[in-house]
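Pasting in a structure now, in C-alpha cells, and then I'll have a few things to ask.
Chain IDs A, B, C and D follow the sequence of writing; residue 1 opens each chain.
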Amino acid sequence: MERFFHSELDNIRTDMIRMGSKSVDIVRLAIRTLIENDTSLVGEVIKSDDEIDELNKTIDAEVVRYFTLRAPVAKDVRLLTVAMKCSRELERIADEAVSIAKRARSMTPGSIKDYYNIPRTAELALLLLNDSLDAFTQEDIVKAHGIPQRDKDIDVLHRKTYNKLSDFILEHKKLSSDAIHLMFISKSIERVGDHATNIAEEVVYMLSGNDIRHTEETKHNH
Amino acid sequence: MKPIPERFRVAKKTLLFDKFMNNFIVVGGLGIILAVFGIFIFILAEIIPLFDKAEVKQSTVFEAKLPANRVIGLGVDEWCELPVAILDDASLLYTDLLGTRGTFEKKLPLDASDKLTCVNYVARKQELIVGTNDGRVAVAELKYATNFLPSGQRVIEPDVQLGEMYPVLDAKTAVTLADFGGKSESQLILAVGTTNGKQIVKGVTLKQKRSLFGKGKVEVDTDYDFSNQVKGTVKDIDVSIFGESFMLTMEDGTLQFFAKEGETFPLRQIIKPFESFADKEIVKGEYLLGDATFVVSNKNGDIIGYSSYLAKGAKNIQFAHTKTFEKIPGVLKHFTSCLRNKAFLIAGEKYASIRYGTTEDTRWEKKLDFDIQSIALSGKYEKMLFMDSEGRLHKYDITDHHPESGFQAFFGKIWYEGQPEADYIWQSTGGTDDFEPKLSLIPLIIGSLKGTFYALLFAVPISLIAALYTSQFVTPDVKRIVKPTVEIMASLPSVVLGFLAALWLAPIVDRQVPSFLLMIIVVPTIVLFFGWLWQQFPVYIRVKLPVGMEFAIAIPLIFLGCYLCTLIGPEVEKIFFVVTDPTTGKKVADFRLWWPETMGIPYTQRNALVVGFVMGFAVIPIIFTISEDAMSNVPKSLRSGSLALGASRWQTAINIVLPTAAAGIFSAVMIGFGRAVGETMIVVMATGNTAVMDMNIFSGMRTLSANTAVEIPEAPQHSTLYRGLFLGAMVLFLITFAVNTIAEVMRQKLRERYKTVE
Amino acid sequence: MNKMTKNTTNGTKEVASEKPDYIKVDNFSFYYGSAKVLHSLNLDIPYKKVTAFIGPSGCGKSTLLRNLNRMNDLVDGIKHEGDIRVDGESIYDPFLEVISLRKRIGMVFQKSNPFPKTIYENVVYSLRIAGRNSKSELDTVVEKSLRGAALWDEVKDRLHESALGMSGGQMQRLCIARAIANKPEILLMDEPCSALDPIATAKVEELIHELKTEFTIVIVTHNMQQAARVSDRTAFFYLGKLIEYDKTEQLFMSPKVKQTEDYVSGRFG
Amino acid sequence: MNKESIKSDRPKGEVAVWFSSLGLSLSLILIIGLVSMIFYNGILVFWPDQVVMLEFQKGKGQDVKGSNFIAGEITKQQSKIIKDLNVKLDGLAAQEWQLHVGNKDAYGFSYKFFDMQHLVKESYPQDIILAERNEYGSAIFFAKYLQLKNGDKLNKDDPKFETTLKELTQECKARRKDILQIEKFEIGKINSKIEDIRLEVRALQRKGSNPEIEAKIHSFDAEIKFLQKGYEDLAAKSRVLREKQNENTLHAEIVTGEPMILPVGNIYSFYYPNRLSTVDKISIFTKHFAEFFTEDPREANTEGGIFPAIFGTFVMTLLMSLAVTPFGVVAAIYLREYAKQGFLVRAVRVAVNNLAGVPSIVFGIFGLGFFVYLVGGTLDEIFFSLSLPTPTFGTGGIIWAALTLALMTVPVVIVATEEALSAVSRGMREGSLACGASKWQTIQNIILPASAPGILTGLILAMARGAGEVAPLMLVGVVKLAPELPIDGVAPFVHLERKFMHLGFHIYDLGFQSPDSEAAIPMVFATTFLLIMLVVALNLGAIIIRNRLRKKYQASTF
C-alpha cells in the first residue's frame, strides 16, 4: 500500500538526481576550464559547487526528518542511507571539480601543450559518473556492478599521466609548477572516478542490500 | 454568539422528552425500589401493634352521687352506657351515662319477707346471688336489653331476671356466702352459713328438665353438705361457670378445690398459694375467663395464678402455680376479669392495673387520683369504670387490640391452661369462646428448621459431590447437557413436588421404610465397591471408559442398589423390626409400629423423611448450580499447577479446588437453606402440619410458611392471629434475607479472591 | 491518492493554519473526585490540522480529549477549573447544550463500537436521532460518509447487513464514518488504532490524513510513530501536565525538554 | 520397579471420583425419572383401559354389595406388604390390585384395592360398557335395553342399539349446551341487571328519604317485575329442556347383579372398552385429551377438563408480566444507568438480589394485607361502597394475584435486566452519546435493543416462576372453582376483581381438598403434566435464549 508520506522519498530521490546531474555538469565544466583554457568558467564552477553543497544539506535534512517521523525500514532505509552517503560523494566530486577548475586557472596558458591522458581520463571518469547516476536513477544493478572494474582503467591512465608528468618535470624544470597542477588535476579526475565507483557500490547496496565495498571484486589496486 | 449551524441544533422536543424520561426513570426507579422494600415496612407496620401496651384514656367523670359505702359491686353493659351499682340490700342503681335518664333504681322482685343476709355480685357471670336469713339462695341475672328507637338510636334497658329461691342451707341458718354456676344440665348453688358457731357449707345441684316444649323447669336435683369435707374456715367461695367444680378460699390462706365426680363433689386439692411468700393470707381470689385459672393475691400485693390441667396419666384435673404477676403497691381490693379474654382489672386503694392472664403481662397501670371503691370492665374490653368514694363514676376508654400478644406470647415459654407444664405451643384457634390462643412461634421456627435440616441433609451431600464431579471430572460436551438438565429441576413448581411427596412418595415409603433406610447405605456402597473393582482392572481395560463418564455407569448401579434394597428391606424388617401389634396381639414385622414402641416418639406417614427428600429435591439444583459455578471458576492456573506437580485429579479437586471455592460452596448451601426454610407448598402438602418441637425424622412438622398459608384465610384482618402470622412472615423474611445476604457477601468475596489469583 | 494532498504533506512546507487557536485550552485543570488529573493546561489547537496527544498511560491525554466534547460528564464526581473554548465559545457555557456540542465534535473510540444494527443504520444514527429521516438525504449521507471513511467500496453491497459482521478495521472505519456523518467540525480520536492490526492501522492513518482537509482532528495515541506520521502538532503529557507542545517534527527531532526527549527516544522510566 | 511403585502408579482417589459421580447420577435419575413418571401417568389418564371382570371366592372379604364379582379398570398392581411373620405367599396371590370400578352411586366408592389371594377367575367381557356420566363419575355395566320415550324398547342385541344410543347422547349433548346457555348466560344477564337496579336503589336510599326519591325508587319496580318475568320464563324453558334429557333411559345391570337405570341425558359418552381396536383407542384418547383442554371441570373437579384453570393461569401470568416488565425494567435502568454507583446502590443491588430468595408466602401475606385489604378495601370504599359489605376489590382477585406475583418476581426481572444492561459495553453508550444522542435516546435506541434478549430471558424466568407458584395465590384470589372467567363476553369484558382458577392450585386442591382423593389422582397427574410442560418449556426457552445471547456476545468481542 502506498502511504501518503512515501512521496517524501520521491522528493529525496529527485533531489539526488538533481544533485547528480549538477555534479556531472560541474565536472564537465571544470575539465572545460582546463582544456579550453577558459578561466571565465571558474566562477560558474564555484557557483555550481555552492548549489551542490546546498542540495547536500537539503538531502541530509530530508533524510533525517524522514528517519525521525516516518520510521522507515528495509528498502526505504537503504535508499535513505544511500541518499545520504551518495550526496556526500557528489558533494566531494563537486569539490574535486572546483579544485580542477582552480588549478586550471592557476596554470600558465599554453605552457604545456600535451595534457597526455588527462582528457581521456576525464572522459572516462565523466562516463563513469554518469553511469553510476544512471544506475541510481534507473535502479540498474547490472550497470552499477560493472562500474568498479571500469574505475581501474581510469587508475591506469592516471598512473601513466603521472609518470609522464614526472618525466616532464625532470625535463622542464621551469614548467614544473604547471606540471604539478596537471598532476593534481589528473589525481582529482581519478578521485572523481573513485567517488563515482563509491556511488555505484552504494547503488548496489541500495538495490540488493549487498555491501560490495572492499571485496576482492572491487578492490582498488592502489 | 455565533449562530449554531442547523445540523448541530438539538430539537426542543428531544430535550424535553429526554428530561421527562430522565425524571420519570429516576422517580419511577426509586419508587419501585422503595415500593419493593415497602414490603418490609408494611409487614413491620402490621406487627408493631402486637407489642403495644393498652392505651387507656379517661373519657368522662359522672356525678352519679351513688352511696359509695353501700355499693358492693359495679356492673356494666357491653358498651358501658348503663352501669349498675349493686347495693348491699340488692337494690340496683342504674346510671345512664349517655342519655337523660340519670340515676334510677331497680329493685329485685323479692318477697317482702325475704331478709337478705348475703348479696354477692359476680361480674364474670353477670349474676347477682342473694341469700336469705332462712338459708335460701336465689340467682338474678343482670342482663341488658338493647332496643333501637325509630331514629336508629340505641337504647340500653336493664333486663333483670330473678330466679327461684332455692333452699340451700337449713331454714335456721342465714346465708353468709353464696355462689352459683352452671348451665342447664348441671347447675350448682353453693352457700355458706354459720349455725351454732359452726360453719356450714352446703350446695344443691339443679337440673333443667327436658320437655317437648323447649326448655323445661329447673328443679333441685341433689343436696350436698360439704361442711365436713371443708378443712378450716371459708372466706370466699367461687363456683366455676360450668357448675362442675368450686374453689373455696380459706381464712388460713389455702385454696380448696372441689370437683364433680359422678354425683359427688370430692375435695380434690388443697393449694397453699403463698406458702413461700412473706404473707400467706389470701385477700382476694377469683377465676379468669374460662374458669381454668384462679388468680389470688395476698396482703403484700403479690398476685399469682393457678391453672388447672390434666397431668399425663391422671384422671382428674389439678391446679398448679402457673403464673406470677407483677406485684402491686398496697393491697389488692378489687378484681374483675374480662368477659372476652384472659385479661383482668385489678385495683388497690388508688392503684389500678390491667393484667393479662396468659402472658402475665401488665397491660396498663396507673395510680389514680381518687379512692377506688368499685370497678367494672365492659364486656367488649373497651371501657372500664371506677367508682370513687364520693359516688362518682369515672369512665375510661381502653384501646388494647392485642392483649394476648407480646414478646412472651410469641417467643416465651408459657404454662398454658390445661397443659401439664410450661411449653412452646402453637394453637391459634379453639372451639370455645374462652379458648386461650397459644401463639408461640418457636415450634414453627423449630419446624421450619427441622424441615430445612432434613432437606439439606439429603441435598447438600448429593448436590456438592454432583457439583464437584460435574465441574472437575466431566467433559465440557457432557456438561453442556447435564447442567441445564439439573437446572430444570429448579423450575419444577413446588406444588408438583408437594403433590408427589404426599400422594405418591409418602405411601411408597410408608410401605417399605426399611428398604428406604437401607438405600442410604447400600447404594453408595455398591458404587464405591464397583469403583474399587474398576481400579483393579489393568490399564488397557480402564482406558476403554472415557474420562468423566463414570456417572453413566453409576446410573444402572443405583438402580441395581435400589432394587436390591426393595428385596432385602422386608427381610430386614422381619429380623429387626418385630413388634406385637397392639390391635391383634400378633407379632408383626412393621417398622411403623416398631418405631413409636421402641423410641417413644410417633411415626406418621407424612413425615420429615419424605419432606426432607422432596424438599431436598427442590434444593439440589440451587446448591448444585451455584457451587458448580464456584468450582468451575477456580482459575485454571491453580488446577494446572497442581496437576503439573503430579497430583491426581481427585487430589487436585480436594486440595486445590474445594478450599478455593469454599466461600462459594458455603454461599450455595446458604441459598439452599434460604429456599428450604421458606418452602411452602411441599410442607403444606407433605406434612401433617402439626406443630412439634422435636427433630424426629418420622414425624411431621409445621413450618412458619405452611402455618401462614394454612391459617391466614381463617384470620380476621387485624386480629392478633393475623398480625401474629405477619410476625411469622417477618421472622421468615429476616431469616432468609440474612442468610441470603451472608451468601451474597461470601460470593462477592470469592469473586475478588479469584480476581487476585488470576 | 490524489496529487493535491501529496504536495501539502511535506512537513517542511506546512501551510499555516487559518486559526491557530481554534480550540483553546485555557489554564484547564480537572479532578476525578479529589484527585487532580490535569494541571493547569494551556494549549492551542489549530484549525484543520491534526494534533496528537502523546504520553505514558495515565498522563491525562485521554482525559483532556474526553473533556473536549464533555464525555467525562458521564463520570461521577468530576470537577474542572479553567476553560476550554472552541472557536471562541466556552464549552462549559451553561447555555450551551452538551448534546449540541457533541454533534459539533465527533468522536471515535479506542475500541470500535458499532451499534448492533445494520451498517446503514450505524452511519445514519446521528441523523435519525436528530429526526432527519428523509430517505434520499440519508442515502446521500451514507455514501458520502462511507466514501469519506474509505469504506464505501468494501461495503456498498451489504449496507443492510449487521455491522457486527465486519472486520476490526472496517468496524473502526465505520465508526469514523458514523462520526463524520453529521459533518462535525472537530473529530476526536481516542487511540483509534490500538486494537487494530498494522494494515488496518495504516488504512485508518491514511484516512486521518485525508480527513484533515475537512476536519480539525485531535488524536490520542500510544504509538509515537503514529503521532509522528499523522499529526501536525504533538503535545506530550506527563502526570497530568503538558510538558511540551510543538510542531510534530520539532518535537520529535529536537525536543526542548529532556523528559520529552527521553520519552520519544524510548529512554523513559 | 517393585510392586509397591506399580501400585502407586494408579492415580490416587479414583474410587472417590466414582463416589462423587453418584451425586450427578442420582440428580439425573431424580429429574429424568420424575419428569417421565409424570409424563407417563399424565398421558395414561387419557388412554382407555380394558375393563377386567374378577370373580373372587365368596365371603373372603372381597365382596362388594354382597357379590363376589367386580369389574373395573386396573389402576395399580402391587405386591402386598405382608407384615405378618407367619404368612408366606407368592405369585398372583401375593398381589393386590387397585381397580377403578366406577359406579360410585352404587358402590359408594370408585377405587378399591382387591386382594388377589382369593381370585377365582379373571375375564374381559366384550359386552361391558363404560359410560362417562354427568354425575357420580363413570359407570361400568352390562346394558340390557334402551327405553325410548315413545314406549319402544331397544334390546342390547338389536343392531341399532349402539347407534341409537350414540345419536341420543349426541342429542343430549346439544341440549345440555342449550341449558348451559340459558342458565349461565341468559339468566346471569338478568341477574346482573337486577343487581344493578338494587345498587341504584340503595344509592338513592342512602341519599335520604323524600318523596321524589321514593318515587324514583318505585319507578324501578316495574322494571324489576319485567326482569323477574323474563327470569321465570327462562327458568321454565330450562326446566322443560332438563325434563327432555331424562325422556329416554338405558336399563342396565352392573356386575354385582344390581340393576341400574341411566337417563340418557346423564351419559356424556360411552364405549365398549374390551372391544376397542388400537385405532378406536387412539381416537378416544384424542377425544379425552381435547376435552381436558377445552372443557369445564365436573364432579368437584375430578372429571371433565381444566379449561378455566389453563385460562386463569394464562391470564394471571399475562397480567403479571404486564406489571412486572415495566417495573423491573425501569428499576433496573435506574439502578444501572442513573443511580450514583456507590455503596448504597451496591447494597440495594444485593438486597434486591436477596429479595428474590425471600419465600413466596411472605409476598403472599403482604399481598393479602396490602393489595387485598388495604388497596382493595380502599377502592371498595370509594367506588363500590354501594355493594358493601360484599367486597368487590376488597377480596382476593386476579389483579391482586398478578400484582403479588409481579412483586415477587420483580427482583428476578431487575437482576436479569441489570445484568443485560451491564453487558452492553460502555463503548456502545459513549458511541451513541458522541453521536449527539441524548441519554434517553441512547437508552432507547442502543441499550434497550441490545439488552432485549437478556430482559426477555429474565421475563420468561419470572413467568415460569409465577406460573408455577401457588402458595401466595392461595391468599390473594385463587379458588377451586371459579364460576366465571376473568375475561368474558360481558361488559367490561376484563374482570380484574374476579377470582380465578390456576393449574398449580388445581393440583393442590384436587390432591388435598377433594373428598375422594383416589378419584382425583388421575386428574392431578394430568394437570401436573400440563403445568410441568408449561414451566419446563418456559425455562428451556429462557436457557436457549441465554445461550444464543452468550454466543452473540462472544462473536461481537474480538
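In this text, a residue touches a chain if its C-beta (ideal position, glycine included) is under 8 Å from a C-beta of that chain, and two chains touch if they have at least 3 such contacts.
Since the structure is predicted, the reported quantities are computational estimates derived from the model, not experimental observations.
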- line: Busiest interface, counting C-beta pairs, is B-D
- request: Name the chain whose C-alpha centroid is most distant from the C-alpha centroid of chain B.
  value: A
Field: Chain ID, smallest distance between chain and overall C-alpha centroids
entry: D
- prompt: Hey, how far is the Cα centre of chain B from the one of chain D, in Å?
  reply: 34
Task: Just give me the whole-number Å value for how far the CA centre of chain A lies from that of chain D.
output: 106
Statement: Chain centres from averaged Cα atoms put chain A and chain B apart, in whole Å, by 117
Length of the line joining the C-alpha centres of chain A and chain C, rounded to whole Å: 49
- request: Could you list which residues of chain D touch at least two other chains?
  value: 436, 438, 441
Touching two or more other chains - residue numbers and ranges from chain B: 8, 10, 14-15
Junction residues of chain A - those touching two or more other chains: none
- prompt: For this entry, which pairs of chains touch?
  reply: A-C, B-C, B-D, C-D
Task: Show which residues of chain B lie in contact with chain D when the two form their complex.
output: 8, 10, 14-15, 17-18, 21-22, 24-26, 28-30, 32-33, 35-37, 39, 42-43, 46, 461-470, 473-474, 482, 484-489, 491-496, 498-500, 502-503, 511-512, 523-524, 527-528, 530-532, 534-535, 550-555, 557-559, 570, 573-574, 578, 581, 586-590, 617, 620-621, 624, 648-651, 654, 671, 674-675, 677-681, 684-685, 705, 708-709, 712-713, 717, 725-726, 729, 732-733, 736-737, 739-741, 744-745
- line: The answer for chain D against chain B in the complex is residues 10-32, 34-35, 38, 81-85, 327-328, 330-335, 337-339, 348, 350-355, 357-366, 368-370, 373, 407, 410-411, 436, 438-441, 443-444, 464-465, 467-471, 474-475, 504-505, 507-508, 511-512, 517, 521, 524, 528, 531-532, 535-536, 538-540, 543
Query: Where on chain C does chain A make contact in their complex?
result: 1, 5-6, 9-12, 199, 202-203, 205-206, 209, 225, 228-229, 248-249, 252-253
- prompt: Tell me, which parts of chain C touch chain B in their complex?
  reply: 87-89, 97, 99-100, 103-104, 129-131, 182-184
Field: chain D residues touching chain C - in the complex, by the definition given at the top
entry: 340-342, 425, 427-438, 441, 445-446, 449-450, 555-556, 558
